[in-house]
Amino acid sequence: MPRTRTVPIVVAAVAASAVGLSGCAGWGGGGLGSGGGNSINVLMVNNPQMVDLQRLTADNFTKQTGIRVNFTVLPENDLRDKASQEFSSQAGQYDVATLSNFEIPIYAHAGWVADLTAYSKADTAFDQADILPPMTSALSRDGKLYGEPFYGESSFLMYRKDVLAAKGLSMPKSPTWDQVADIAAKVDGAQPGMKGICLRGQPGWGQLFAPLTTVVNTFGGTWFTKDWTAQVDAQPFKDATNFYVDLVRAHGEAGASQAGFTECLNNLTQGKVAMWYDATSAAGSLEANDSPVKGKIGYAAAPVKVTKSSGWLYTWAWAVEQASKKKDNAWKFVAWASSKDYENLVGSKIGWSSVPAGKRASTYDNPEYLKAAGAFAAETKAAIESVDPDNPGAQPRPAPGIQFVDIPEFPDLGTKVSQYVSSAIAGQTTVDQALKQGQDLAERVAKSYKN
Amino acid sequence: MTIPTTPEASGTIAGTNPAQEHAAEVEQQVVNHRRQSPGSRLLGVLAWVVGLIFIAPVLWMILTSFHKEADAATNPPSPFAPLSLDGYKSFFSAGPWPPILNSVTASVVSTILVLALAFPAAYALSIRPVRKWTDVLFFFLSTKFLPIVAGLLPIYLFAQKVHMLDNIWLLAVFYTVMNLPIAVWMLRSFLAEVPLEMLEAAQVDGAGLLTTMRKIIAPVVMPGIASAALICFIFSWNELLFARVLTGTRAETAPVFLTGFVTSQGLFLAKVCAASLVVSLPVLIAGFAAQDKLVQGLSMGAVK
Amino acid sequence: MTTTTTTSPTPGPTPGPTTDAKTSKALQRSGDWARRAPLLPALILVIVATQLPFVVTIVTSFTRWNAYYPDKRGFAGLSNFGTVLSDPDARHAIWVTVLLTVSVVLISLVLGLVIALLLDRKFLGQGIVRTMMITPFLIVPVAAALLWKHAIYNPEYGLLNGILKGVFGNGAPQVDWIGTHPLMSVILAIVWQWTPFMMLILLAGLQSRPMDVVEAARMDGANTWQIFTNMTLPHLRQYIELAGLLGTIYVVQNFDHVFTITSGGLGTANLPYYIYQTFYTAHDYGLASAAGVIVVILTLIVATVALRTVFSLFKEESR
């Protein structure tokens, strides 16, 4: 009885969705029905340099090549989750993604990213030799190239020259952490609402543990020894973490347990902190034309304790998914985004301090770039060239990586331990307790490598 | 574990019958009679205060969304700063339309599918009930107890297998399944009120199915359909977890778009507030327009 | 949950009188199918889309399967369950889930009841206040969580610290709300959204009270408190249970607020977030599935116990 009326409705609905299914999959990427053809999908992090790229793509890359680019732009933690899901399942949703020198060697080993060696050799205009050697080697595995850097960075200390000067303080070119803590205490409250230093406290292995692992390294600690013994609750790791947590609790930014890179950038720009230890790529934003602290920032090498240097090495690089069916177009996009021409385009359209730098030697010979980035260009290049990812601390390591351990388990391990340490920063737990929990997790990870 | 079906069990939770309508009138008179007392007036003021506290965050969101970024992020706050549309301009320049249209597609399509499937099912559980219909009804409800997150991996793997990742239609079908149990439950409790004697009488008179539907069933059930539609629309529109895992560039929905604001990006408070408001707007409008339907919907038709 | 005019639970009107037993049986059989047919599309879809994935989850939970190590996939026995149950994070997530659900449901039920009582009286602007009360429920959860995180809790420019400074001047205490009270911050944001829900159902309950009986009791000298405890609350019992039950179903699965406000940090990761993280960050499919199976078992136990012992809604039927 009821069938006579409802069956047509159901049939109509199913038919309607079937039509939809066969036709198109959503409104993104320029409207329904535009999914295929001459377009590529790009997954990228929402850092300012990428947002600039997104704005410049249609009028330049698409105009030159006819290739339409659909972007998904996500915050860093989300991007990592999405990218690892996408690449591990080889879902083929994306042709290109921003991955870092953490993921690319691991993904290359698993066969998830495409070998770009032949493309880069054939494309002479791209000039692979111009890419800084630490970058090329960080993005290669077994002599094959799997990624092209978009921008590269190390870490250094940024501080308000004017604030330090007003207090009669000066910053050494290569400070120690004890000196930095001392200065942080003295400039805390130098202006109303100004804290001494900004250090990341937001959970996430790429957030809190990026700077913290470099502190651990220079305090003589490590996640694992060469034979995979977990060292998370060993004394140097503890000392470093206690130092970091005490410093940020005593003289750090408000809301430290939720502050990541962007929050700290905001804090220094807004005059809410006097110093900041973080990525060299932040300098471009600090010296941008609309920045209220332009010209007021001094730059010093990453602070140290027992090692000679402690900066990290990091690059957001373009990788092409192995499952992509549009690898040729994907390479065209990668080559465009990482090219010298793109740097010039950003320089002329947006401003030279916003150039995605830190990857090409030629950038640091460009007089126009040096004019805008003179305050930090030399420090950045020196920091990148001083790193040694295979030997970043006081002891031999079982896997490469400075601010991370280059193993697939590290995102989960680092994120969980970062949540404990973040709780310690918020005063919810103690560092000892946090690291004891961390040690348990690290031992679980180590077990699978010892066998 | 069975459900209330007997008149005794369910009668207590029922809505309008003549006795209660009369009761409401009495209550009205009683209340009117007592209205003058100062205590009563005080309670009225208290109600206003509580209402204002609850809506304050929303008012603050609206006000902030119309401020310039620099005025939005001051401490102490500057509520009287000049108004501006910058927050909205900056939000709309971030390309929110495809996600919003995707959300509209998924919500509307799934709501239609839910109604098309739930109505016959509810019919088979009330007017011409199948045997053991209480068990079937309870089965529908019990699926709502299953933690949705436990199905995340299989559904992702399925979507990948059939090449339906990042496809808004798959999401619509998934939302249909998610909301179907509620809709069946609600529509059943409305259909159960259709007077059977009238149905039988109509049958004896030789009225066709369409006439029966239109004359006898529709008047009782239309409010139920409206409530079910409203609730399905709201829950589909709000869903985040599966949309996050199953979509990408093309099928991204509005809540997923909003997660881009989880970490701060410089001064962006006005933009966040504008974004939150715009994305919530369809739900706000639908909810305000049909407040009484909302109650019925939220209580799965138990409260009428 | 129907009115007094509802049908009895036995199948409805029987087919007309028949003379031949055989025909009758055949008729009944075809009648049965005619009855079932409209039910089947919905039923089959729900079974396929909710039960099949769960079967896959169960199978996966016995599998060693990490997306980073596709070669090592194999039978894992019970080891995934062992890993989850011995993981302090998982145990903590269970505790957080219980704490979060119980406190949100209880607080919003009590608040909802008080506000429903307030709104049940006639006063100037009653309708406006009711609309204001509903509004929080109509904000998209992610948007609401963003609002609380950035515009209200933010230690630099959030509304709470802003009010403190506005009232007490520059020396006012500035609290890092999320950092110092992470779980409370999440709970408050969810309570804000769920109180209107509870309030609406309870208000509907209040308005269905038989007022003539209440008045009669008043005539007999019962005071307001006696009427409330002896008449109003018993009448509201099923409404309270319904609101509590539905609230629990949704709050226990909360993901949006935990994800947005704390990203699972500061000890606020609940079970849905824990599973999400195991699946999405660690890519340990076997482990995530084992955790999912454990959650389902726990939910079933809690649901059965709660429904059988606490909720008269369902209990009265099992006589």
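First chain written, first letter: the chains are A, B and C, and each begins at residue 1.
In this text, contacts are C-beta pairs under 8 Å (C-beta built on N, C-alpha and C of every residue); 3 or more make two chains touch, one makes a residue touch a chain.
Keep in mind that what you see is a predicted model, and the values were worked out from it rather than measured.
Listed here as common contacts of subunit A and subunit C: B. Farthest chain from subunit B, judged by C-alpha centroids: A.
Between subunit A and subunit C, the centres computed from C-alpha atoms are 38 Å apart. With centres taken as mean Cα positions, subunit B sits 39 Å from subunit A.
Separating the centre of subunit B from that of subunit C, both taken as means of CA atoms, is a distance of 14 Å. Shared interface positions of subunit A, defined as residues touching 2 or more other chains, are 1-3, 6, 10, 77, 85, 89, 202.
Contacts with at least two other chains are made by residues 117, 120, 123-124, 128, 157, 173, 245, 259, 262, 264 of subunit B. Annotation for subunit C: residues 34, 37-38, 41, 156, 263, 280 touch two or more other chains. By the touch rule above, subunit A contacts subunit B in their complex via residues 1-6, 9-10, 13, 16-17, 20-21, 24-29, 31, 35, 41, 43, 46, 70-78, 82, 85-86, 89, 91, 93-94, 202, 260, 262-263, 265-266, 269-270. Chain contact summary for the complex, subunit C toward subunit B: residues 1-9, 11-13, 32, 34-39, 41-43, 45-46, 49-50, 52-54, 56-57, 60, 115, 118-119, 121-126, 128-144, 146-152, 156-157, 159, 161-163, 165-166, 192, 195-197, 200-201, 203-205, 207-215, 235, 238-239, 242-243, 246, 249, 252-253, 255-256, 259-260, 263, 271-272, 275-276, 279-280, 285, 288-289, 292-293, 295-296, 299-300, 303-304, 307-308, 313-314, 316-318. On the subunit C side of its complex with subunit A, the touching residues are 34, 37-38, 41, 66-70, 88-89, 154-156, 170, 174, 176, 178-180, 182, 262-267, 269, 277-278, 280-284. Residues 97-99, 101-102, 105, 109, 112-113, 116-117, 119-120, 123-124, 128, 156-157, 160, 164-169, 172-173, 209-210, 213, 245, 247-252, 259-260, 262-267 of subunit B are the ones touching subunit A in the complex.
Across the complex, subunit C is touched by residues 1-3, 6, 10, 77, 80-81, 84-85, 88-89, 106, 110, 192, 202-204, 254-258, 267, 272, 408-409, 411-412, 415-416, 418-419, 422-423, 425-429, 437, 440 of subunit A.
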